[in-house]
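Here's a structure for you.
Chain lettering (A, B, C and D) follows the sequence in which the chains are written, and residue indices restart at 1 in each chain.
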Amino acid sequence: MIKAAVIGATGYVGGELARLLLYHDGVTLTTLMSRSGEGKPYRERFRNFWHTGLTLTETNFDRAAEENDVIFVAAPHGVASANITGDILKKTRVIDMGADFRLSNADIYEKWYNTRHEGRKTLPEAVYGLTELWRGRIAAARLVANPGCYTTAAITALWPLFKERLALPGSVIVDAISGVSGSGRDVRETNLFCEVNESLKAYGVGIHRHTPEIEEGLSRALGADVAVTFTPHLAPVSRGILATCYVSLAEPAGADELWRLYSEYYGAERFIRLLPPGNSPQTRWVRGSNYLDIGVFADERTGRAVIVAALDNMVKGAAGQAVQNMNVMFGLPEDAGIGQLAVYP
Amino acid sequence: MIKAAVIGATGYVGGELARLLLYHDGVTLTTLMSRSGEGKPYRERFRNFWHTGLTLTETNFDRAAEENDVIFVAAPHGVASANITGDILKKTRVIDMGADFRLSNADIYEKWYNTRHEGRKTLPEAVYGLTELWRGRIAAARLVANPGCYTTAAITALWPLFKERLALPGSVIVDAISGVSGSGRDVRETNLFCEVNESLKAYGVGIHRHTPEIEEGLSRALGADVAVTFTPHLAPVSRGILATCYVSLAEPAGADELWRLYSEYYGAERFIRLLPPGNSPQTRWVRGSNYLDIGVFADERTGRAVIVAALDNMVKGAAGQAVQNMNVMFGLPEDAGIGQLAVYP
Amino acid sequence: MIKAAVIGATGYVGGELARLLLYHDGVTLTTLMSRSGEGKPYRERFRNFWHTGLTLTETNFDRAAEENDVIFVAAPHGVASANITGDILKKTRVIDMGADFRLSNADIYEKWYNTRHEGRKTLPEAVYGLTELWRGRIAAARLVANPGCYTTAAITALWPLFKERLALPGSVIVDAISGVSGSGRDVRETNLFCEVNESLKAYGVGIHRHTPEIEEGLSRALGADVAVTFTPHLAPVSRGILATCYVSLAEPAGADELWRLYSEYYGAERFIRLLPPGNSPQTRWVRGSNYLDIGVFADERTGRAVIVAALDNMVKGAAGQAVQNMNVMFGLPEDAGIGQLAVYP
Amino acid sequence: MIKAAVIGATGYVGGELARLLLYHDGVTLTTLMSRSGEGKPYRERFRNFWHTGLTLTETNFDRAAEENDVIFVAAPHGVASANITGDILKKTRVIDMGADFRLSNADIYEKWYNTRHEGRKTLPEAVYGLTELWRGRIAAARLVANPGCYTTAAITALWPLFKERLALPGSVIVDAISGVSGSGRDVRETNLFCEVNESLKAYGVGIHRHTPEIEEGLSRALGADVAVTFTPHLAPVSRGILATCYVSLAEPAGADELWRLYSEYYGAERFIRLLPPGNSPQTRWVRGSNYLDIGVFADERTGRAVIVAALDNMVKGAAGQAVQNMNVMFGLPEDAGIGQLAVYP
């Protein structure tokens, strides 16, 4: 049994990790840590855990590392890079849910996050945890940077087109809609029910921090720099990301042709479901599950491909993919503990 | 492995049964039937099953009975009573999700459902499937009448008070709120998004068909007739039932006292979670799970107990309890395949 | 033109008052006050006012009173009673949206609100502002206590039955569902979108502060004490209250009979719409409007009347009724500025 | 008083027209027609009209034309073109809410709508009713083609950039999210609450019929052909459209510069509200109102402008703009009857 700890267990991502790990056959969830959690029953933060006896303990990276085979860090950016030292990584393996180790270039991180990167020493050890694309490296990693929710959708959606050099590098627009859980459990006016309900908005236009992460992913596919215009939107759903991704094609291609290409890349994947041409994914079909559904469209009038990806931001966009990565790291079946179907309706 | 079939697999309850049975370790889901389903991929009705190869077949009770150890019937009322014959019950065991076998008195059924009862012969064989209350009889049953969603909440909420003769029989008011999935996948104007969203309504005031079912349950507890005023409401959530149940107490009791009584009845139950006095259940903590949460309150000013119960109408209120009953009938652990925590948020 | 000020203009009720008063033909909205509002554009709090040049000023009861014919106080309880002195009432008329002057007995207030009542001197001048029931007294009032949202629904729903001595005084149960705007714009975790969405809960069971207010209203109808069990619920809608009210009838009555009785009381009312027997009100038909819709039901099996009332908690449950009261106080047509239909869908 | 009729009064757009016209000071709403409406009380379809005595009559274009100064046609496409003859237009003025007269080229209409255009004779008389852009021609028109909801947002958002030749014609991507009322009151499974709630989807990718309408509008601005990739999305809100529009700029420009340009175009408009640079519109601030809010962004890294527009699809996107056009046609103040603020929250 893999012994696992969650640091930052009181936020939504922490709760989702606990939910998935608690009933994972290959895992013993030993520890739930939060900053001032010492001794508090976990049920006080998450009443769906009412019947469990789980208790929070105070955050202590050293103790977590010593007592566990893997620790999941679900803390605000800056926390992991300040605490995940080489010493920690000798004792345990780490899956960081935050942004600290996602960008390989710390300068770019510092520019977009407007803060010092405290983990430049460990950064080179980090492997980017988009499972389907970097499975081999993840298997061997001590430190996995679990991707952002928008990023998982966007990179997966556009990867084959860049890998095949079919997409023009300057043409990428990612327009995505997220549910509200993506902004966390922070008590802010903008997250109040009456401020979100029956409303739609764009936010962080041109400046959202997932932009350089998408760019790095696509640049790796192409082997050259890719610039992205990214606009996230908020809609009144608790869970779900729908990313609609636009690229101009280097040469004309129809939907069938695109579909065949995507089939080659993703046809054998356990968690990527490629819909037939003409079908658009919907977040309701992935809600609560680790699936990432993709629809491919060709707008032949304008020479663009439009790739639509849907995922649950809490699962494939966060905790589910983290468990998928853990499974890969420890040689378990990739779907262990995360094979559930979407809960619908 | 138990071989199982679902008849009426294209409605919401059928889909939920398929979801739970597909990953149940002790079950092989052999058959999904619907009236005109012959050969259609199941994914066309439920895209969360996209990656499965499940296919619908035409409804055929005989074939389902011959090939399976248990069949779940998720059809409109009248279908099960017309088709579940003694002959069928010799070949297989049946869990009926509909109302046909819930009321022990066919005359009362005919009055409330305004239709002939076609299954008077088999009716005496039916066992009412509120698992926690009739577990022993369910274990031996060939035919289980799975309770209504409102009914499960109301009877469980009030059972101890009537069993202990603490509740005055003429004083019961059950006021409940349901999510929209409770009214099924029928394409009716009243179920359109814009007709339901941002609205609240009562419906079926004084005439809802779960009324006699609640009355029969509570009458069994008391050993005498209990009359109930029942008002269901609709709120814009997909899943969930919250039932607020009022009774006048035969003698004064405080919340602590009530809580101790309920502890005796339900403290050892796997799926009933009794909240401490002062805490009210919320459907978000049971969403997607088989739990039934109960809060007990005493309005000492007026001499009433107010018992609040929350469940997911698709799970404990339908498919989950059906699987729970199947587990009991076949000697499996009661939580096999339905132990999941609520998916939150 | 009536000169009007709103004190506490940055909450939801304050915003709704501003919305209604700004386009009221008989009113000049001179002043929007908030505690630290000095000089801030109102649009920063309410972007629906973007194109207006309205600006907040600091709260100053004296100045508001000197410069206006009427002031609306939309502040937390305790504020109005501490500031609305006899001196203020000589200079202006006041409509208080809070609870301070709703209960005629300050001792009962102190018990339920668990705080000292600072306005015992002015309390006798206050008139309870349920327009349809106390129109005459409101017309002459210097100080109107605008009713609570739940209270408006419950008292209006049950008034005729108590006035006619048809309801048994100990039998009242009010079970109501509210939208989230009722809990204000406070930034609390329980009001976050993800904590409210797709969930249903009861709260304040047996201890909600609108209870004594409902009791006082019904006691006035009966001329004797009435005790009420009141349970409020929260559902994921922004606006709306649906109150389902139960009473045992002193003598048998059918729905038609009840309907005729209610017609006599409310048939001529501009803002009360009595639906025909068998029809239940829904909040979508009153959303954004000042209407209060009533449905009358008789549960003849149990000898109860079930009266269902729907209103928009921000309009008839707060700001709209306040404007209705202002219209009465200043001799304007009762529907001036508040005659709009519900915005549907 | 202008005498007005609504044909197609039982759909959502018809209901919204009735709501706005009923309380318009300059209008007498004489007639509400629907196909089989003869004699039915309007309240049966829209209970927010409960207290009105409005009654439906059968659809009769001739009678409507003879008895009214203006008729609003809110019918499926094809109906207006088949019925609005030159003869009708001699008797009355017509505002068509459908698509029949929006495209000046009937061949393009026939291609996108896959049906014959029955009104080629009257088509040249039609004036496109995006009020702010074609006010002069609308004033004189006998037949106004009221724009689509998405189209109003997209053309208004991009007009200044094309008029000033700042946008590259092949670079336009319009990515928009709509509320569910946009798909009408048709009883289809895809519009059921449980199919829409807690879900996000794209639909009609590359083939939505508003595409050629957006293209014609922008082509008029540029004086040359503009091709558009348009992707509509559906989110679980009743009302609202948020359109995020991308263009590559012919020369570098920052947000301030763009804002100044938009100020010149829209600064004096009654219903267009230009937000300061860095601010994104949200549909909650326009809900129930005729406002169209615009936010301008420059993604200087990629040389794109991102213009975000928000409107209420039932008001500025349909019935509100129709009334605005009527006001222009009859010389009334442009905001007569439609000056209301958004109902928030």
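Assume a residue touches a chain if its C-beta (ideal position, glycine included) is under 8 Å from a C-beta of that chain, and two chains touch if they have at least 3 such contacts.
Not measured: the values here are computed from a predicted model.
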item: Contacts common to chain A and chain C (chain labels); value: B, D
item: Chain pair with more C-beta contacts, B-C versus B-D; value: B-C
item: Gap in Å, rounded to a whole number, between the CA centres of chain B and chain A; value: 36
item: Gap in Å, rounded to a whole number, between the CA centres of chain C and chain B; value: 38
item: Cα-centroid distance, chain B relative to chain D, in whole angstrom; value: 46
item: Per-residue multi-chain contacts in chain B, two or more chains; value: 12, 181, 194-195, 197-198, 236-239, 282, 284, 287, 345
item: Chain A-touching residues of chain D, taken from the complex the two chains share; value: 170, 173, 175, 177, 179, 194-195, 197-203, 205-206, 227-229, 231, 233, 235-242, 244, 246, 280-284, 287, 295, 297-302, 304, 306, 308, 310, 345
item: Complex contact set, residues of chain A against chain C; value: 12, 180-181, 185, 187-189, 191-198, 236-238
item: Chain C partner contacts - residues on chain D that touch it in the complex; value: 12, 15, 19, 22-23, 46-51, 181, 198, 238-239, 273, 275, 282, 284-289, 291, 293, 314, 339-345
